[in-house]
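For reference, chains read A, B, C and D in written order, and residue numbers begin at 1 within each chain.
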Amino acid sequence: MIGLGLLNGLIVTMKAAIRGPVTVQYPDRRVGLLGAARELGMSPFQFLVKRPKDAVKAAAGFATVEDKIAQGPRFRGQDFNWYEDRCTGCASCAKFCPLGIIEIVTSPSDTLKSQGEVYNIDVFDIDIGRCMFCGICVEVCPYDALHMGSGFELGTYERKDLVISVDALRTKKNTPSTWFRPQLEETAYNPHSGESRPWTEVGRHEQPTDEELNERWVDER
Amino acid sequence: MGTNFLDNSFFRNIYCNLSKSDDIRCSGGGWLGDGILPAGFEWLAFLITAVVMAMVLINLVLGSVLIFIWAERRLLGRFQSRSGPNRWGPYGTLTPVADAIKTMFKEDIVPTAADRWVFNAAPIVMMVPATMVLAVIPWGTGTFLADLNIGILFIIAITSLSTFAIVMAGWGSQNRYAMFGAMRAVAMLISYEIPMALSLLGVLMLAGSLSLVSVVNAQDVPFILVQPLGFLVFFIASIAEINRAPFDVAEAESELGAGYHSDYSGMKFGLFLNAEFMATILSAAVIVAVFLSGGRGWSFIPSQGWFIIKMIPVLFFIVWTRAAWPRMRIDQILTFAWKGLIILAFINVAVSAILSFVWPDPTMRELWFMVAINFGVLIVSVMAVGAWFGPQGASAPNMSHGDALPRPRPAGQPSGGDS
Amino acid sequence: MNVAMSGSELADAIREIDSEAVTDQSDDAVWITAESWPDVAASLRDSEALSFEMLSLLTTVDYIDHFEVIYHLLSLSKNRTGVVKIRCGEGRIDPTVPTAINVWRGADLQEREAYDLMGVKFEGHPNMKRLMLWEGFEGHPLRKDYLR
Amino acid sequence: MTLKSEPVIVNVGPQHPSTHGVMRLRVAFDGELVTDAEMIIGYLHRGSEKLAEERTFTQVVTLTDRMDYVAAMTNNQAYILAVEKLAGIEPTPRGVWLRMISAELQRIASHLIAIGFLMQDLGAMGTPLMYTMREREDIMDMFELMCGARITNSYHRPSGVFQDAPPELWPRLEAFLVEMPGRIDEYEQLISGNEIILSRMRGIGIISPEDMINASITGPMLRAGGVDWDIRHQQPYEYYDRVEFDRPIMDESDNYARYLVRVYEMRESLKILRQCIDQIEPGPARDPEVPFVIRPPKGDAYVPIEGPKGELGFYLVSDGGISPYRCKVRPPSLLNLTLLREMVIGLPMAAMIVTFGTVDINMGEVDR
């Protein structure tokens, strides 16, 4: 019968309207009186009596609740995580970056006993503005020193701010993404919990002791 | 004289405060006592009252445009599993205000090739019919600007004016997309005026008058029940007249960008938008007045309140269809008007004529008989017309499971180079 | 299951059409001369035994000293694929191959793209214009000697 | 008496809401009817094939993401299959199953996009688009769990996938498989029986199957024309010979058939996903012996797969080095446009837009 298809369309849209929105309102969600009361775990009446000021605000539609969508722990994000203690300055990441946006300048290190095996990193610039977050730099890092980050809201006002310098990498709190790091996944680590990982716990293998390094050094000679 | 605006206590008070009228409804004057104007100046009192009324009504409608924009966006959001605007003000109610401010401060661009006079005049012309229709709508008991004895004819005549505005916009822009939109709009608006006018004939037969106030007064049973077919045709035709989905071919953003107002920006665009939303509200008002017994209802709510309450479901349905249905194609829209709606309207006219011949002055009981007969006619005629030129039902694809290779087919002949 | 026609099989079939067409063959491909291509293509499509109804992919490769145009043919009714290659432009001079558009309409855009990016001309194509790049672009970017 | 009108030439695109990106159609109109149409493309040309010649085989995976950016996984898959054939790499079974799962999810996502934007072209105010996007979001979240990216996945690697799917994925996928059939029914309820859509899409944009085969048109378009050609079935790659699925075929070859075939293909993809989950075996997701830098022997390889839009394949030539000597894509989107002119001539403007929409192109793939 004619009109049945049109009627079906009306039914589907009405069902969707009753089910309510599925979108996430980043970064916070406006809730009404009922929503705010539910967030606080009170009944709306309790809420009105106990916190009348907030209740009026909520009834006027100004109460907000933080709303964030849960991200996967493997999310390949913007702020790279770098562990200087693991990095040898081999520049594999720079070599294999498809876009060539990583710049590394190293100098031989005097401070470490195994002089010559570990280098000082003088420059480690990652130009986020051209990065496509493929994660190949992380994939090829033989010492698990470079990790993808999990942030995504690092908008800046100038292009030059998009270049991550070695100092920024040194000072930032490391919450590495578990992308291409199964060893992190095994420990059920979630970077979005905000918990940071020290350099000793992110590698596939233990850092060799100085003695071991000495031995290997001699052996390979 | 029947009814006039002096039935409304608010306007009566204004009038009676001003004039020393000997109108019986003014006995005892207004709130402030007797009229302040000397005798012989009743016309001035009348004029001032009319201007006040016009200001009140126009501003109320303009304000309701803002509310309607907000409500439509919220509702569309809900229908689409979104939440809609919710940042500015409580529940996003200030979003249309923010939009209006933004629109006002936008740069007003006139394309170099545009016909400046026509281009600039089009938005103003667009606003004319929307504001003029306002005059004859009985918003409640005594709440109207003019009780024209040709009210319905006036509405049909005045709404055609928007065709001029659309053609002016399309032509003046010197833009092919705009021209496409304008041409489509003209074809559609002209086609849909015929079923729109025809569908009202049944109502006129029942009411015996062209005046909207009389039509409202005649509705002891709302005419949507007595004239369901007429209502259906009028509703569809008025959605088409106001260029809304599924008849929004004049704008057709997926085909024409924005149709006839592609090149407009700033407040000129705002005027177009405003006129469209005003037209939507006013067509809902006309539907309420003609088919939903206007402001009549139980007396615990004032008649103006009833009028607005009855407008809400009409507007809701208009928004709902916009969310649910895609746009029709222009040639199908015209086919639909000429082959479908006009025939339905004629059936309605014929049935109404017969019925009003049988029952020239229907009692309540006879009215309900008419309701039953008309609903039968509605179902039968809609199904017949649908079967005549409506689309066939859907078919499902065949599923192939086996290892059959595609049927060998002869290779096709090349059809020449590209472009 | 797909049967990719081996080079020798396809070469035999082509030799039946035009005895001098085949110049070389490998395990999975056949090289033919450019002159014989229109006739061979029409026969490949129309012959009952082969019936390559679809030109699946047309590629050009720049082998420094010559160009190669590679036709991946597909027969839907026989579920077979075949690869025909044409060497052209020996010494990088004026690579030209007869068009296949009269046999397979699907060659239209692919030949235009090949002309645009690789500079192989397809004789007889009714609309040999650049496809991806704009009119007036100099050079053909996919050539190995193209310098940015 | 006949009225003669002057043809109006209109540029539909490159910045037009319904050109699915930056495509330009120069159309001559006689009133509302299309009398001629010329396709002008290249606004999104990024030279991917040239760029691939300067990158190692694994680095090229990131380029393939950006070709058909609504079906990145299937692009990855097609490319990796060509690399594996070229280099003679044997993939690990779990890796292959994961590739199939991701590819089928991606097929559903791509068809959802196709249907949603088709309805947008029909002027449906974004409602069906929002619904399809809602389901696509589920798939994108699963991709994020699998590979940390939502659109540019770069998930596949020679010999498998780069990392095994996390355990959280499986309940997600299970829930998706349970929920999705109902969602597809909902689309059908909203769209398939709607009289406006039926009258706008049936009998419009018809091409004969002979012409389509001759013009290298593949995928759902060809199946909507009554040709039972699905590479997953006829020339099974990966483990498609171990799963059972039907191919929806329609004989009408019009716009509506193309739409309906896509809807039914989503259901078949769900079937395949269910079988993949049942059959997936534990083990490494990639062969750790396969190095990052591959040096395939001299030669060439072409592996066609059934992408969401049609036959998708990469033709790779190796000269024994670390990067492809030549990398050529068989873009289904581009080749499906071959007959666009023939399809749209004589149609009204609105029908032209819809016909263009049912071809389901992606400008990233057309221009590459």
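In this text, contacts are C-beta pairs under 8 Å (C-beta built on N, C-alpha and C of every residue); 3 or more make two chains touch, one makes a residue touch a chain.
Quantities reported herein were computed from a predicted structural model and do not represent experimental measurements.
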Report the chain closest to the protein's overall CA mean, measuring from each chain's own CA mean.
-> D
The pair of chains with the most residue-pair contacts is B-D
Whole-angstrom distance, CA centroid of chain A to CA centroid of chain C, is 49
If you average the CA atoms of chain B and of chain D, how many Å lie between those two points?
-> 43
Once you find the CA centre of chain A and the CA centre of chain D, what distance in Å lies between them?
-> 30
Centroid spacing, where centroids are CA-atom means, of chain B and chain C in whole angstrom = 62
Quick one: which residues in chain C touch 2 or more of the other chains?
-> 53, 76, 79, 104-105, 108-109
Pull out every residue in chain B that's touching 2 or more other chains.
-> 79-82, 323-325, 390, 405-407, 409, 411-412, 414-415, 418-419
Residue numbers of chain A (touch at least two other chains) | 2-3, 6, 9, 12-13, 16, 22
Sites on chain B touched by chain D in the complex = 76, 79-82, 176-177, 179-180, 184, 245-246, 248-249, 252-257, 322-332, 390-401, 404-407, 409-412, 414-415, 418-419
Tell me, which parts of chain C touch chain D in their complex?
-> 1-2, 53-57, 59, 61-62, 70, 72, 76, 79, 81, 83, 104-110, 113, 117, 130-134, 141-142, 146
For chain B, which residues count as touching chain A in their complex?
-> 75, 77-83, 86-87, 89-92, 320-321, 323-325, 382-383, 385-387, 390
Considering the complex alone, what residue numbers of chain D touch chain C?
-> 41-42, 45, 47, 49-50, 211, 213-218, 227, 229, 234-236, 241, 300, 302, 304, 311, 313, 315, 317, 325-326, 328, 330, 334-335, 337-339, 367-368
For the chain D and chain B complex, residues of the former touching the latter = 8, 10, 16-18, 29, 32, 38-39, 119-127, 130-131, 134, 190, 192-200, 202, 208-211, 213-215, 226-229, 234, 246-252, 256-257, 260-261, 264, 338-339, 341-342, 348-351, 353
